[in-house]
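The first chain written gets the first letter, and so on, giving A, B, C and D; residue counts start at 1 in each chain.
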Amino acid sequence: MLEIADIVTSYGKIEALKGVSLSVAPGEITCLLGPNGAGKTTTMMTVAGLLKPRRGSITFEDRNITGRDPGHIVRSGIALVPENRLVFPDMSVHDNLRTGAYSRSDNEIEDDIDRMFERFPRLDERQLQHAGTLSGGEQQMLAVARALMARPKLLLMDEPSLGLAPMIVEEIFRIIRDLNAEGTSIFLVEQNVHQALKVAHHFYLLEQGRVTFGGSPGDLEEDEVIQRAYLGSAETT
Amino acid sequence: MDDHVITVLNNIGGFSFIALSAYLLLLSGEISFGQQAFFGIGAYASGMFTAMFGLSFWIALPLAMLVAGLAAAAVGALTLRLRGLYFAIATLAFAETIRLILVATTWQVDVDGEPVGPNGSEGLGNIRWGFDNEYAPVDFLWMIYGSLGIVLLLFFLMERSRLGSIVRTIGADRLLAETQGINVTRYKILVAGLAGALAAIGGAFYAHIQTTVYPENFDVMLGVHSLAYGLIGGLGTAVGPILGVLLDVGFLEAVEWIQGYRMIAFGGLVAVLLIFMPRGILDERRVHLLRLMLRGRRPDIHGAAGH
Amino acid sequence: MALLDINGIGRRFGAVEALDGIDLRVEEGEVFGLIGPNGSGKTTLFNVLTGVYPPSAGEILLDGRPIGGVPPERIARMGLARTFQNLRLIPHMSAFENIWLAQHRRPGMGLRDILAVGGRKERARRDEVETLLERTGLATRRDAFAGDLPLPDQRRLEIARALVRQPRLLLLDEPAGGMTPMETQEMATLIRAVAAPGRTLIVIEHKMDLISDICDRLCVLDFGRKIAEGPPGRVLSDPEVLDIYLGREADDNSGDDSGDD
Amino acid sequence: MGSGYALLAIGFTLIFGVLRRLNLSYGPSIMVGVFFGTFLFIQFQAGWYTVLVGTVLGAAIAGAYVERLCFWAIKKGAAVASMVSSFAVWMQLEEGVTIAFPDRTYEFPALGDFELIELAGLSVRQEHVIMLGIAAILVFALHQLLYRTRFGLAVRAVSEDPNAALFMGVNTGRVIFLAFILASAIGGIAGYFIMATEEVITPKFGLQATFKGLIAMMLGGMGSVPGAIAGGLLLGVVEKQAEWYAGAVWRDIAAFMLLFAFLIVRPGGLLAQHTAARDLAALRRV
């Protein structure tokens, strides 16, 4: 569904991605694991069109989307749940959802908003409240709902569990599984290896801008995943 | 030296004071659009002291600095709560109020049969101290650059001492400064007062070289220019704002064919420069690198790869 | 007498009761953990303790002296230092300068020390900064801009900056936030070293393994209220805590939800 | 007069709201527009609507130039640089106009020959009533645009969090550009009506427009459209009173003193947020 081939992305002189290749299969949850600074978020940003790769190609459903602008990528069916949620704090929950549908021009947007409120009753109760007054967990749900408003075929999620209490993390992962069961493909960046391996069909390890492993959760023991994922970071620190 | 060169050099020196004044406030995190008020207060106060009350310039100068410094500290205390653009606009409002009040005020006394003193938009004339004491423009040149040298030396010492890092910390993150035990209120008022006194030095010299000053000399153009000098020259060192003055007054003044299009040229130069160097030519990073090189160190100054 | 004595502290933001009658006592030399779900009031408590905003109710005693509502710079000079969850370093200053500037107004420092550009005392203070860089593993990063450092180094730098103030009470706000298990372990080592000479610490963390590793006692906040307090072993197996904080699944994976090894 | 200030302030506040940056070249852009309008009038004896369209167009084009050079081109997080840069461009615009129109003072066509009219016992200039009407219509239209359209949603999203807006597929650069042009055009309308009552223009109008718009915006509260209206009306009333009682110089002194006093006593402006919201803002500050 999504094919990333040998992309190189850099900030100034520093190459954050040094030729990353991976693929996301339709209907699956694919996880990207790795230490801080390995380039996980950079990968997400590059797929979402916020960073332009210097080399390599990104294909989505057999169409080349390399270096296209974010609006085009959202319209082609990829939506991002950004790291740290980034909801619009002084806009109502309802308006936040409308921004998620910005790339759409059909007239079913309000229906979809109603559907989001059915799925996330806690948001329904807070429809007219400003998003900035929601708790961290509620904001994360809003960020997910907002991304879903674009009717994506592929949902990119960047560290959805970051900074959330364990119980909320459980709930977020339950939502991820539900969404996937309904047919949305998910590409997930996580630092919570334990939870990520529980939901993933497929996972990759990213270390220092390179993919060092790709396989299914059964292929490696969880301890070994953690060891291998973080060994690289031990050398740089 | 021919007279034109001396005039240009005097202007560079005079504007350097107000540029340093705006720079000092920039370090403490405040954008002031109102330093011209203290330049003006310095000019008027020193001019009134010498022309109306017959004081020597060397007494009038510190007195004018004191007056401007106190006024600036008072404004600083009143505007303590304000940040960013709010502070900038408040200082602008203050400066324009002062300027317009000078336009509306006439107060003249009789000196040797002539009325002397502020006369509304006609300004304050007859500041003859330099003339009476047979000071030539070149003498003022030495006085200006002597004072500028002292001020710069004080700036360098400040940057070396903790005072400099305190001011920069307040500028970068006020809450952090508070949790480091820094009494932000006190330092903010101190910095405002010092900046006001600094601008007054420039104003005093300006008044005594020009012999007549008008309220319109101290309009917002002067204030924003002084701010621009720091931003062009760079926020990493006190040399930055002076470099900015040099570029404007020195370079553009010197290039003949720019005359008549000077504002277009300077405006364009500033706009383009700020695109590529938003913190000026000598910004913190370049100054830091330069210092390391001077000390013969060249270690890993970049952290590992960013995120 | 306890070093820190908190009695019935409350803090309200509009209609939100961020802290609601908290009582806590932290003894000299203790490493005290503060855990709880997001928005439970942990960072608010730190902000009230450090004077960022005053409590709306209750009393705080540091070494017997009231500090509720005292301005932050005065509290800082009374021997309380902290780090920030979101990191507040000065990005365009070097690691060295970031620590050096924090020596300001330590007990015994006056105007002359602030204006000093050299001298024996100033040299001694600079050496002290170098030692701290060494101890926190930042010696090779001495001249790098703080903004250029990777996250774990930035967190270490914040700790070094707090330590240079020679605090009696040190507050760490998520010192291992955003770190991998390996980095978290290194942080635990650093925190243990910091606490070794009998220094008093309060630590906010979501990583249970770190908390149970370093803390002598801990307390759990939920919606601004204290719901449990005691040694880690007992608190982390408290059924109420498990229910509200660790999540219902917690009993079958023994609370390692934060990606530990 | 107050409604003219209100219109100026609305344009100002729109730019500030979207960019969180101050555009000092706002007034000078309007000045360029007004001079373009005058040019059409002098050269071609253009009618009032052509002059109006010319003024708005000129202001919008100058605004577009300012946006590209001072805001779009300058990196995020350098708000001060943008502001100083917009000041630099102000000098360019002012000198450019002075070179193109060397006589400094020009006639601007009046809206028409109007009589004073009696309104509730006060005699009012008819132009001012028209101006008030235009201001009301514009405000209503702007509100509809911001809260009822897709473009308005994008503008609001960008003004809250440009990064997040980008993630939603909003072309933030274009939205900012368009909002900027819209704001300059509103300023152009304000400029036209102010000039049509004053009937004389000089390049100093740029400074005037920036100052009056700025004062009115700050009095009402930065970034707030209703605040801009309230601030503009307040400024108009205070200036008239001061002029009446103390003379023309005091009109401007009163305006600046009012601004200074407001900033110290009530920096949030007339329509400041209430305390609970500020508490929450303080919470987020840490």
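As a working rule, contacts are C-beta pairs under 8 Å (C-beta built on N, C-alpha and C of every residue); 3 or more make two chains touch, one makes a residue touch a chain.
If you're wondering where the values come from, they're calculated on a predicted model, not measured in any experiment.
Student: Could you see whether A-C or A-D has the larger number of C-beta contact pairs?
Tutor: A-C
Student: Report back the single chain whose CA centre is most distant from the CA centre of chain C.
Tutor: D
Student: Taking each chain's centre as its mean C-alpha position, how far apart are chain A and chain C in Å?
Tutor: Averaging C-alpha atoms per chain gives centres 31 Å apart.
Student: Distance from the CA centroid of chain A to that of chain D, rounded to the nearest Å?
Tutor: 41
Student: Quick one: chain A and chain B, Cα centre-to-centre, how many Å?
Tutor: Here the centre of chain B sits 51 Å away from the centre of chain A.
Student: For chain B and chain D, what's the span in angstrom between their mean Cα positions?
Tutor: Computed value for the inter-centroid distance: 30 Å.
Student: For chain D, give me the residues that contact two or more of the other chains.
Tutor: Each of 280, 286 in chain D touches at least two other chains.
Student: Identify all positions of chain C at which a residue touches two or more other chains, and write them in rising order.
Tutor: 52, 84, 150-151, 153
Student: Which residue numbers or ranges of chain A touch two or more of the other chains?
Tutor: 36-37, 236
Student: Sort out for me which residues of chain A touch chain D in the complex.
Tutor: Touch list, chain A to chain D: 48, 50, 69-75, 80, 82, 86-91, 95, 98-100, 102-103, 132-133, 146, 150.
Student: What residues on chain B touch chain D, complex-wise?
Tutor: 26, 31, 78-79, 81-82, 84-86, 88-90, 93-94, 96-97, 100-101, 103-104, 175, 220-221, 224, 227-228, 231, 260-264, 266-271, 274-275, 278-279
Student: Using the touch definition from the top, list the residues of chain D that touch chain B in their complex.
Tutor: 22, 24, 69-70, 73-75, 78-85, 87-92, 94-96, 99, 207, 211, 214-215, 218, 222, 249-250, 252-253, 256-257, 259-260, 263-264, 267, 285-286
Student: How about chain B: which of its residues touch chain C in the complex?
Tutor: Within the complex, chain B contacts chain C at residues 157, 160-163, 165-166, 168-169, 172-173, 175-184, 283-285, 288, 292, 297, 299-307.
Student: Taking the touch rule as given, give the residues of chain C at its contact with chain B in the complex, in rising order.
Tutor: Residues 50-52, 71-73, 76-77, 81-82, 84, 88, 90-94, 97, 100-106, 113-117, 140-145, 148-151, 153, 165 of chain C touch chain B in their complex.
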